[in-house]
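Chain IDs A, B, C, D, E and F follow the sequence of writing; residue 1 opens each chain.
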Amino acid sequence: MMSKIPWQERPKGCTDVVWRYTKNPIIKRDAIPTSNSIFNSAVTPFKDGYAGVFRCDNKAVQMNIFAGFSKDGIHWDIDHEPIHFKEGNTKMISSDYKYDPRVVFIEDRYWITWCNGYHGPTIGVGYTYDFSEFFQCENAFLPFNRNGVLFPQKIDGKYAMLSRPSDNGHTPFGDIYISYSPDMKYWGEHRCVLKVTPFMDSAWQCTKIGAGPIPILTDEGWLMFYHGVINTCNGFRYSMGAAILDQDHPDQVKYRTRPYLLSPQTLYECVGDVPNVVFPCAALHSKKEDKVVIYYGAADTVVGMAFGRLSEIIAFTKENSI
Amino acid sequence: MMSKIPWQERPKGCTDVVWRYTKNPIIKRDAIPTSNSIFNSAVTPFKDGYAGVFRCDNKAVQMNIFAGFSKDGIHWDIDHEPIHFKEGNTKMISSDYKYDPRVVFIEDRYWITWCNGYHGPTIGVGYTYDFSEFFQCENAFLPFNRNGVLFPQKIDGKYAMLSRPSDNGHTPFGDIYISYSPDMKYWGEHRCVLKVTPFMDSAWQCTKIGAGPIPILTDEGWLMFYHGVINTCNGFRYSMGAAILDQDHPDQVKYRTRPYLLSPQTLYECVGDVPNVVFPCAALHSKKEDKVVIYYGAADTVVGMAFGRLSEIIAFTKENSI
Amino acid sequence: MMSKIPWQERPKGCTDVVWRYTKNPIIKRDAIPTSNSIFNSAVTPFKDGYAGVFRCDNKAVQMNIFAGFSKDGIHWDIDHEPIHFKEGNTKMISSDYKYDPRVVFIEDRYWITWCNGYHGPTIGVGYTYDFSEFFQCENAFLPFNRNGVLFPQKIDGKYAMLSRPSDNGHTPFGDIYISYSPDMKYWGEHRCVLKVTPFMDSAWQCTKIGAGPIPILTDEGWLMFYHGVINTCNGFRYSMGAAILDQDHPDQVKYRTRPYLLSPQTLYECVGDVPNVVFPCAALHSKKEDKVVIYYGAADTVVGMAFGRLSEIIAFTKENSI
Amino acid sequence: MMSKIPWQERPKGCTDVVWRYTKNPIIKRDAIPTSNSIFNSAVTPFKDGYAGVFRCDNKAVQMNIFAGFSKDGIHWDIDHEPIHFKEGNTKMISSDYKYDPRVVFIEDRYWITWCNGYHGPTIGVGYTYDFSEFFQCENAFLPFNRNGVLFPQKIDGKYAMLSRPSDNGHTPFGDIYISYSPDMKYWGEHRCVLKVTPFMDSAWQCTKIGAGPIPILTDEGWLMFYHGVINTCNGFRYSMGAAILDQDHPDQVKYRTRPYLLSPQTLYECVGDVPNVVFPCAALHSKKEDKVVIYYGAADTVVGMAFGRLSEIIAFTKENSI
Amino acid sequence: MMSKIPWQERPKGCTDVVWRYTKNPIIKRDAIPTSNSIFNSAVTPFKDGYAGVFRCDNKAVQMNIFAGFSKDGIHWDIDHEPIHFKEGNTKMISSDYKYDPRVVFIEDRYWITWCNGYHGPTIGVGYTYDFSEFFQCENAFLPFNRNGVLFPQKIDGKYAMLSRPSDNGHTPFGDIYISYSPDMKYWGEHRCVLKVTPFMDSAWQCTKIGAGPIPILTDEGWLMFYHGVINTCNGFRYSMGAAILDQDHPDQVKYRTRPYLLSPQTLYECVGDVPNVVFPCAALHSKKEDKVVIYYGAADTVVGMAFGRLSEIIAFTKENSI
Amino acid sequence: MMSKIPWQERPKGCTDVVWRYTKNPIIKRDAIPTSNSIFNSAVTPFKDGYAGVFRCDNKAVQMNIFAGFSKDGIHWDIDHEPIHFKEGNTKMISSDYKYDPRVVFIEDRYWITWCNGYHGPTIGVGYTYDFSEFFQCENAFLPFNRNGVLFPQKIDGKYAMLSRPSDNGHTPFGDIYISYSPDMKYWGEHRCVLKVTPFMDSAWQCTKIGAGPIPILTDEGWLMFYHGVINTCNGFRYSMGAAILDQDHPDQVKYRTRPYLLSPQTLYECVGDVPNVVFPCAALHSKKEDKVVIYYGAADTVVGMAFGRLSEIIAFTKENSI
């Protein structure tokens, strides 16, 4: 039986289409003994509760990913040791670092993607059946790439992945592409999906953008939350928006929010290791209940939750599309 | 009859020449439904109260200017639609964006200047008689320019405008110039007024500077508040100082504060979309009452007020001049 | 009586629309005792021969402009002292440096424009009746500007000037604008004329562009030669192209060469103080003879000449327009 | 019957392992009417002579690739129109630009790779049977990539390609990778092959490197010529070295030259559109005669040839390996 | 009699090896009338209490150092005038600015080092017997250098100083060196001590590092606290670590913390003139009581204290060494 | 008996104060078998001829210094192996690289200084009695430093050295300092000597400067040749000027040439591994004959000679002083 997704109704007087959990942050920076910060993390329904993959930077500021479990999606037990991968479809499973994971169930297993350090950042791929034993596969792409996000089902018989090719530094540019694979090993048919916007059209997403949670299939197409970045005179500010992609041809963008849905405004989003960051990596949803909860990293330091109604978000995206 | 300007006495124990309003910010980031942030805005006496022109960035972080009205100068009603301009002395009234307005009454109408997007930032010019119908004129200058501030009366029979020519990016340099016009259409006689200071003389204003509110004519000359910027290892920090310019030849600087008058120190000035910004754009004053209230943008997010005695500010500027 | 313009027929086998003088460079770097280099210079018919204004950098690499005279337009006597200006329509005639002059006769006098150092580069303006006594006027614009080029006659009753606003460094960007003045003192009605091209359309002019010689009025409109710059991995390369502007509305571009007309290919253009520079600043033409000779700086070191047929250049520009 | 490869014996007194053709450049910048420059080009045996694919930048400095033919490998007839591609294994055959081609015969056809403009540089792939009809395939990789070079035979049943992922600018960094494909459409198994060297070990290849001609299978393994770049205070300098890769596992480097084999020293290599560039893209060899001739772009302007003995180059690479 | 060092026990539930004083900051930004900020300052036992040298930037953001005194090491009286230096072993005692002082007693006097502005930052040296009369000596090194920290006793008969040579800007790199002097005037025998770490080993110290308080001699060697910097996409973040240097050969590093000991996490460390800075400059310790108190600048705005047990810190450094 | 210094009279018609040897370059890039380039080198009278220390970069572009000998100062035999140093006043004689040597005889031996790679560039020091056996001493300074040049005699009983502290990259800034040592081991009393000039005063030396040959004691003081650099839009251009320093207080500059004495103008100075470089490192002189010959590196590729009359150079420096 499916577990109940975390939920809190919209506060009175609030007219925002997406609103924050009042008890944010749900995961604090020191939730495990070694952690300097826990943020940009992924969750998925698992058994009668939830499982997740968490980015925990340790106090040497080394980046790795950790498994975690929760009954209610709010209170989490995170392993104290990082995930250990065995060989999946390759023997080449080295990683200089791992960060910003995503998780999705496809057909028979849970697939995990993350930013994998292999001569620079690229897209790491792995899977598990039980969140106990993990297998690492071929990196999907050449460096330099980040924010690899799988679709939750095959499209035209092939796996499909969003990613954000860019450079190997602090990345002052980057658009979202889609690529396909018949076998989770060889990738091709690369197409540009979503580009940064002109500064004047929508400045919060004019510097770089990257896919966030696993896209959600709706009647309108794929609902994709993503982060957008503006380069201010005091550094990058990360906000969140949404786009709707064609169901069968997801390189075709049907709608895309001109305004952001969520931007750094609270103290835990504005003050931390990297100020002014809202970075979504996962979402749970119930179409029946018309609910979605988005998990996002805040200030590269902690994890927060935000809520919304699927129908309202879709309507908002259509009405406020560029 | 002239309205009473907003006022709050200096707090006990405070020795600063300029002090903050205790209920800051007076305008919050979400004061109108579409706004992401409201800051760097201008006010002027109007009828039996006040009118203003407000920079409201929307949730797409598009920049535009909006009219607003207030009885007391503290509580403001801001229009929900941006100002719509009709053709003034030109048919070329396109604007890629508008931000950082100033307002001043000269002779028979209220003139508005702002940073206008026309192949890059330059100085937009417009006017209104009633804050209801607005007319846009020729841009004053070629790009790339910002912080155009008119004097409140003609000087030697000509309109006079301060501005800060620089580049089309995040502007790592910039000094204040003055220019003249016989007709608000053609501009010339450009003169340098105030340059950045050497780092060792006064570091808070060593990177770039720009005029703030409309200059105030005093017995000592034109009192000009301005912002100054220092480039720290974590980005730009914006503070406020004052200068006194010769009444008849305002390109001649008589005095200029070595220390700042106000720098980012409160949470609403240090935390926001752009941390550590104090950016004055308007001031109301009463010579009779020896009062001035300065309106300033804080952290590129909200509007605050600060108070001072004209006589004390002038004395301070003279005594602490570089 | 008009003097004969310098001329050399197209070499056999050459199919280029513009070809070089075989005895280039016509002015060597040490043509006057103090000069390190003589380049980017302007000439005009004068009396029964020619006069010119020459950029001569001295051996301290200080930049100034010098008058010179020639009977045939090829052999030049350049004054050993720089031009001394008297006060024209202003008392403010200071110059930190002067470089890259242009010269044009309008109505009753010869107007000279140049890049004038006044708190950074801007457009200096002066005039002479006789190339013996010179008068300096108000700078046309605020800094930061270069390549100010006047039209040879008023347009709609006003003086018209092309210029290239940009920044105060080595200028990694810049487009051509037009501005108007009723009186050579106050300038306005700024319009964008010609922008850099997308890299893929015409890469030699994709980084920055600037007007060159005085535009030539033809049956098709104003023929404007200009320089375009590409940023290679070994620095900037300057080439020359042509555009045709509408006669009455010169901010309207009718045609513009996709290919360059001349690029650095000879040893004196590729080797020198700044390698790979072809920089046109003047042209003499005879419509009757269907001839034009272009004077250009080569490698920021010497002056060269290139020839062409007006009719062929116009046809080429139309046929190869972007 | 195989044609005789171009050859010239080592000059007397010369002790270099690679020496230049005395009649260089063999292809001048204006070898076809529209060309600004012809360089970085590829050749291959074809019928009783040779065919090639040439990078010809036109006078708008637009980059495209052209077919050409030669009886002797020295004198070339290059088509005046760029290659027109039909749809190969994809309908998405757009190209913003094409440059730096390589050509290789595998199994039944000639494969061509080049730097293909698709939202930035990436690796374009095409094929021909006859150098008359050409077919374009899926791009091999996501942007941003350059210098895609195929191996001349399948390795472990798969196509193998070297490439140099990097950024979308002038590319201040870059190493050589290898990737595999079962079908020339989907690519994976990306491995790092060769990295830049520490400045102190071998400075000419310390900034970035990229594969050059098609690798040559020798008894020692794959002989790969490549270019290396040093960032001097006057820009990039491109030289050529060699490496030997393991035959079956070409991501394993057996030897690599510490010294360069060829660096810019002649006038046609040091002076041109981009000074100081030696950029090899093709080689013809005869194992029986122990000869190799390398075709290289010089100064981004012309094509030169250099000769060597295979046995000597291999011995030199082994003896001077890092 | 030695005064009691300031102390506060580790909070309940806290497992950190270093913990903050609960009443931080102990010195606020406006502790003297002219100060904009007071941070990065040094203290030392003096008479029956403590003396210190404080970095107080004034409201013109000019940097200078001031003497101060305290009975308990927590409550400080700071002079309102900066330290006035007389001539020590040189007549050349000019300073464009002074900042980031350290203080240490050696043999017969208190030595002070600081970052001294002499054609750029270098290491200023001075001494006092009584914190009333001060003498300035020769700068220890040529520019460009910062964070000069003396050892508290001669080593092998010579004075020994740590420093961090780098450039004259915001310093994107820097390692710790040691130098020796027979006479506090001439310096030599420069050796590299501690370098930044690879990003993947310990990212908080991967950009630049600099010595903090005077090293403390322990049974394991010299205990050196130092700051380390990571370059985030929103600027530099400064944290604190520890290293243990060989007693007789302090250029030999025995241990060094992979994790930080203290990083910016509180509001007064994360919000201020320069966000996210923890910068230690002094420490008091009692071996008998096994206590150390570290004084550190927070956010370039205020001074804080942190406590630890010497034995625990040494054990932690050994157990968590890179 | 002193050998005759190389000499060639001023060419007819030449009015330059310094003129080139007509047979330049005297040392070609391939003068020894392993060399890629030989430039920036030092010579000194030795026995009945001359000895020298030469910068020879090998074909891996590794930098090292080599001894060489000549009868006439023009034709040189350079050793094929780099100088091997034994331990002088230190055991720490490691060098990552060595380049840009200077040589001078003081009291009883020949001292050599060079740019020594020790965690970045700093000043290496060594000596020899016979140019056969060499001894390496302590580095004079901390990194980052270049162009260390000793005075040929003690000043006030101490060794004196000029140097140019800067950063560890391509060094966009740098002034000349002087430092003193009682023992060639410990250095102090650092003073600024000569700074770059404002662009408008003398642009060829406005970016960075560095001492060249050993200073020559004249009746006017120390004659110091130095290089100056301008940052053009195509990279750095290196020229040569002269200054005269006070004999007893060489940090006091008496005169300094506003114009350059020599700038890159010939093909071997303008074309090579680094175009547009004239870099003097040594000079031989005869006061009796009123002659000086300057050895300089050209284009970072070869060595050239230039001649002058001491009396004329001194007069020129005085008459053309800034």
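Here is the rule we go by: a contact is a pair of C-beta atoms (placed from the backbone, for glycine too) under 8 Å apart; a residue touches a chain by one contact, two chains touch by 3 or more.
It should be emphasised that the depicted structure is a prediction, and the values quoted were computed from it without experimental measurement.
Under the contact definition stated at the top, the chains bordering both chain A and chain C are B, D.
Touch-path distance (fewest steps) from chain B to chain D is 2. The most distant chain from chain B, with centres taken as the mean of CA atoms, is D. Where chain E touches chain F, the two copies mostly use the same residue numbers: shared numbers make up over half of all numbers in play. More C-beta pairs in contact connect the chains of A-D than those of the other pair, out of C-D and A-D.
Greatest centre-to-centre distance from chain C is found for E, with centres as Cα means.
Note that among the pairs C-D, E-F or A-D, C-D reproduces the C-F interface, with over half of its contact pairs the same by residue number.
Chain E has its Cα centroid 55 Å from the Cα centroid of chain D. Per-chain CA centroids place chain A at a distance of 41 Å from chain B.
Centre to centre, using the average C-alpha position, chain C and chain E are separated by 59 Å. Residue positions of chain E touching 2 or more other chains, listed in rising order: 234-235, 271, 275-276. Contacts between chains, counted with the stated touch criterion, involve the pairs A-B, A-D, A-E, B-C, B-E, C-D, C-F, D-F, E-F. By the touch criterion given at the top, residues 90, 92, 118-119, 138-139, 141-145, 163, 165-168, 173, 175, 177, 179, 181-182, 185-192, 195 of chain B touch chain C in their complex.
Those residues of chain D whose C-beta lies close enough to touch chain C in the complex are 29, 33-34, 36, 57-63, 96-97, 117, 170-171, 234-236, 271-276, 300. Touching chain D in their complex are the following residues of chain C: 15, 199-204, 230-235, 237, 258-260, 263-265, 267, 270-271, 275-276.
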